[in-house]
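Next up, some structures in structure tokens.
One chain, chain A, links the two complexes that follow: it is found with chain B in the first and with chain C in the second.
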Partner chain A sequence: MSTVPAKAPAPETHQGGFPWSHVAGYLLSLVLTIGAFALVFHAKLSFHETLFVILFLAVLQILVQLLFFMHVTERHGPSYHMMMFGLAMFFVFVIVGASIWIMSFGSMVS
Partner chain B sequence: MSIAHSGLQHHVDEPLQTGVPLEFSTEDGATKILGFWLFMVTDVLLFACLFATYVVLYKHIGAGASAAKLFGDDVSGFTAETFILLTSSFTCGLATYEMRHGSHSRLKLWIVITMLLGLSFIGLEVYEFSTFVSHGDTMSTSAFLSAFFTLVGTHGAHVSLGIIWMGLILYQISRRGVNPVTARKLFIVSLYWHFLDVVWVFIFTVVYLTGVM
Partner chain C sequence: MPESVRNFATHFFVTGDPMIYGADAAITLVSLGIVFTLTYFKKWKWLWSEWLTSVDHKKIAIMYLISAILMLFRGGADALLMRTQLAVPNNSFLTAEHYDQIFTTHGTIMIIFMAMPFIFAMFNAVVPLQIGARDVAFPYLNAVSFWLFFFGAMLFNLSFVIGGSPDAGWTSYPPLAGLQFDPGPGENYYLVAVSISGIGSIATGINFMATILKMRAPGMTLMKMPLFTWSVLASCVVILFAFPALTVALALLLIDRIAGAHFFTMLAGGNPMQFINLFWIWGHPEVYIVILPAFGIYSEVVATFSSKKIFGYKSMVASLMAIAVIGYLTWAHHFFTMGASAGVNVFFSISTMCVAIPTGVKVFNWLLTMFRGRIRMTMPLLWTLAFIPNFAIGGATGVWLAGAPADYQFHNSYFLIAHFHQTLIGGVVYGMLAGMYYWWPKMFGFKLKDRFGHWAFWFFNIGFYVCFTPQYILGLMGMQRRMYTYGANMGWTSLNFVSTVGAFLMGIGFLFIAAQIVHSLFNMERDVTGDIWNGRTLEWSLPSPAPHYNFAVIPTVSERDAWWEMKKAGNTSDLLPNAKEIRPIHMPKSSGVPFLMGVAFFVLGFGVVFNWWVIAIVGFVGVVACLIGRSLEEHPDYYVPVDEVVHTEAALGRL
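Presenting the complex of A and B:
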């Protein structure tokens, strides 16, 4: 990795400043959580509609954590860690999605 | 890197890369951070298997309580756990921020706050589990409860390990200050902590909210 020239953003090495992006990330994560909570307890959507929306909010939570706290946009060479993240999401899709599909297949046809 | 250099102090011999955060400044640090991303992929695999098991089994309640009854009676517990863990992820991020901006006393303060929030999360989870068990809803009651305790308990074990790990790194930073090695260690444990927060968001969504719907 050291052979690749650093493509770092403006290095965060100075004193002072306020961690605005961290506060923004925290507020976003709170809003997403309260939104999911309100949807389940107060909205009048069907089970599947609610499930779909709260899963979507959970995916947005992943993005908030990755972008605001896990520094994924910082690049010090090729973004191998994003390839790994893509691989992880593929695993999740295959294991969880395919398990649900296979295990519910019998009950769907019968 | 030769074997002769692989002692505790080997980072001293490496050229420091300028213009990047301290934890990425050595080849050793950058490689280990990348290696930790690879570990997180394998940990995602573990949790994906447990989530798949839970989703397949959560209606198989046998003679035990259903998810709606178990979680719906008192939603304050898991709601508090969720907000505590979200907040701890934020304070852990602030620790990394202070590490990069040079305030090492505030860095230690944020780590201590993160650990305390983690401990209160674990305390609530232990209380929740013991309440379930005292009502006769044990791990061997039904397939649903086996899957539930395994999934949520595995996450709780990760958080417990994270608290111990963070305490050890706090000790190292107190002893040795912030250098490329301790900065890399703190950065990695903070990645781990944010990762656990992401896993919890899915437990909150798939287990608890779906359970009470």
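Presenting the complex of A and C:
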């Protein structure tokens, strides 16, 4: 099998230049992570306040990951990935919600 | 021999049972035989360059198929050992501990290392050909998936002779599977091996989803896809969203066992029932992962051998997708007796019963496809026909089990055992066998002769009912699963004996399948047309087996059942390549890295199983080295020159 040297595929996005968006995303995700840790270890909030704030930070973290690293806005052809993402979110809510529901045992045990 | 060495050896190697020594000898002899044969015929280089390093989906399919059949043999041997032990009361053929190990490995092997590779064999053999693609979306990842599965399976099977097998059931519930009640490497083998092959399964799910969504031939819209491809898409959706739950459950239990955490130990604040919850978030969708491709196979087989288009294509697609989503919302029916609130049990009862609706739609569509069709009674159709009554019974008993109050009676009894074997054998195994017979000519270029096939079919099918019908009754009589023996006064003896006879009939059926394959190898009936069954979809427009680039020129599709419609219109020659149209074909290069990565994962896994961290670190470094090596590879692809394509096509008589 003789081979013809392959041409490197032309990058379709982020042509050349310094990957500023990656650096920005990296810094943002670090800030959000350290923020959550700092809240738990140092801030004097009540348990429920802490929980609420770190959950909010977690949602921001998801958005940062999706926008800066997972290119959720890019697409070629139908946006199958958004459909799949929608289904994934549905399943996530079902798993978390139903697990809490199941594991609370109708509040009889725990 | 110093005492310390002897002490180590007796714990490292499984000792004391004559059957194990027999297996040790057999494994050594077979390994030596393979090494000798390869050396004698100078096939090492061929093995490495044609198979171990291949990223060709057609070769990966064959390797999956061989692995699946070997694992079916091992899982089946486990089953026969269990049935032998249970044939008569108070039997001492197996000890309690040995019996525990055997039912654990039987379940794990049949689901993870037999059903999964069998469906992946079908995915790989068929999907790219059916949608007019030259390979899967990520061929290299596909090879990685296979080798992770393969070395996961090898690691799991190693437990048989080194260190001892897992023995907490294929579900591996803590606290029984926790360190306190199950010390030693056995349970670690289960956790690590299943995790490693699970990574491969997730990658396969992503790979085929991307392939189906992005690589279809021009003109093949989603609603023109063959139903098998649809079923693979549905299955991949479920793989992608269900397998991570298993990964998490196994990882947490592994951390409990090797790092002393307490996710599932009650006294230290953990909750063992959370494992059960997580396990079944994967576990129930898993049965749909394996049954959906079988449904796809039945759809192809029924349409082809009735010479009719499938009845109710759109309702078939809708029901596949409905099963994929609803099947995700039923998991708590595996633990109705856990003590969740009544509302939970009601919800999961009803959602479980809902799955029967789209499944029923599919069964009626298959029947109506055959209605007034020109039916050809071939091996694939025979298994499909046998599936229908089988699955009807399995489905009906499933709806019984779905009723939460009744489940308090059925739970973990032989009624349950009979039910899920009826759906998993009658549904999945029959489907995979139908698919194997159907696509065998496409994969290997020759047909499996019917000679022993009919014997296999009747032995297996009759054996199935003889084996499992008594188990429904035994379940209602109170016999629980995983009992290693029972008293003569229980009144279970005759039914158990009948069940054992059935199991051996199925074993004979399996041997006939093996005989059929060997017989067909030596009396080859070559498929020279490429369309041996008068098929309907694009894979039959290619020679058998297809050239490594599949399509010299990518076909353009305008209809559902594209190949059939072209044959009807008499313009099949449109699909033959024209020398002027042929362009250099962009293909992936073979690579040894996926195989080496599998080896590295094996070493890593082995180290973790025994908590030998030096070995684990060596393996881990190997995995990282493979990842870095791949990232630095500059030209993982090449172009097949026009001359070579023209030459190949001319040799196949297509130019």
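In this section, the second predicted complex is superposed on the first by the 89 of 110 C-alpha atoms of A that agree within 3 Å, B and C clash if a C-alpha of one lies under 4 Å from a C-alpha of the other, contacts with A are read in each partner's own complex, and residues count from 1 in each chain.
Heads up, the rule we're going with is that contacts are C-beta pairs under 8 Å (C-beta built on N, C-alpha and C of every residue); 3 or more make two chains touch, one makes a residue touch a chain.
None of these values were measured; they are calculated from a predicted model.
If you count the residues of chain A touched by chain B and by chain C, you find the higher number for B.
Touch criterion met: A:Y80 reaches chain B and chain C at once.
When the two complexes are overlaid on their common chain A, residue A:F105 makes contact with chain C while staying clear of chain B. Of the two partner chains, both chain B and chain C are touched by A:A88. On chain A, the surface touched by chain B in one complex and the surface touched by chain C in the other have residues 1-2, 6, 8, 77, 80, 84, 87-88, 91, 95, 99, 103-104 in common. The part of chain A that touches chain C in the complex is made up of residues 1-6, 8, 77, 80, 84, 87-88, 91, 94-95, 98-99, 101-106, 108-109. Interface of chain A with chain B (complex): residues 1-2, 6, 8, 11-17, 19, 22-23, 25-26, 29-30, 33, 36-37, 40-41, 47, 50-51, 54-55, 57-58, 61-62, 65, 68-71, 74, 76-77, 80-81, 84-85, 87-88, 91-92, 95-96, 99-100, 103-104. Residues of chain C that touch chain A in their complex: 209, 213-214, 237, 240-241, 245, 271, 273-274, 277-278, 281, 325, 328-329, 332, 339-344, 584, 586, 589, 634-635, 637-641, 644. In the complex of the two chains, the chain B residues touching chain A come out as 17, 19-21, 24, 27, 30-31, 33-34, 37-38, 40-41, 44-45, 48-49, 51-53, 55-56, 79, 82-83, 86-87, 89-90, 92-94, 96-97, 100-103, 190-191, 194-195, 197-198, 201-202, 204-206, 209-210, 212-213.
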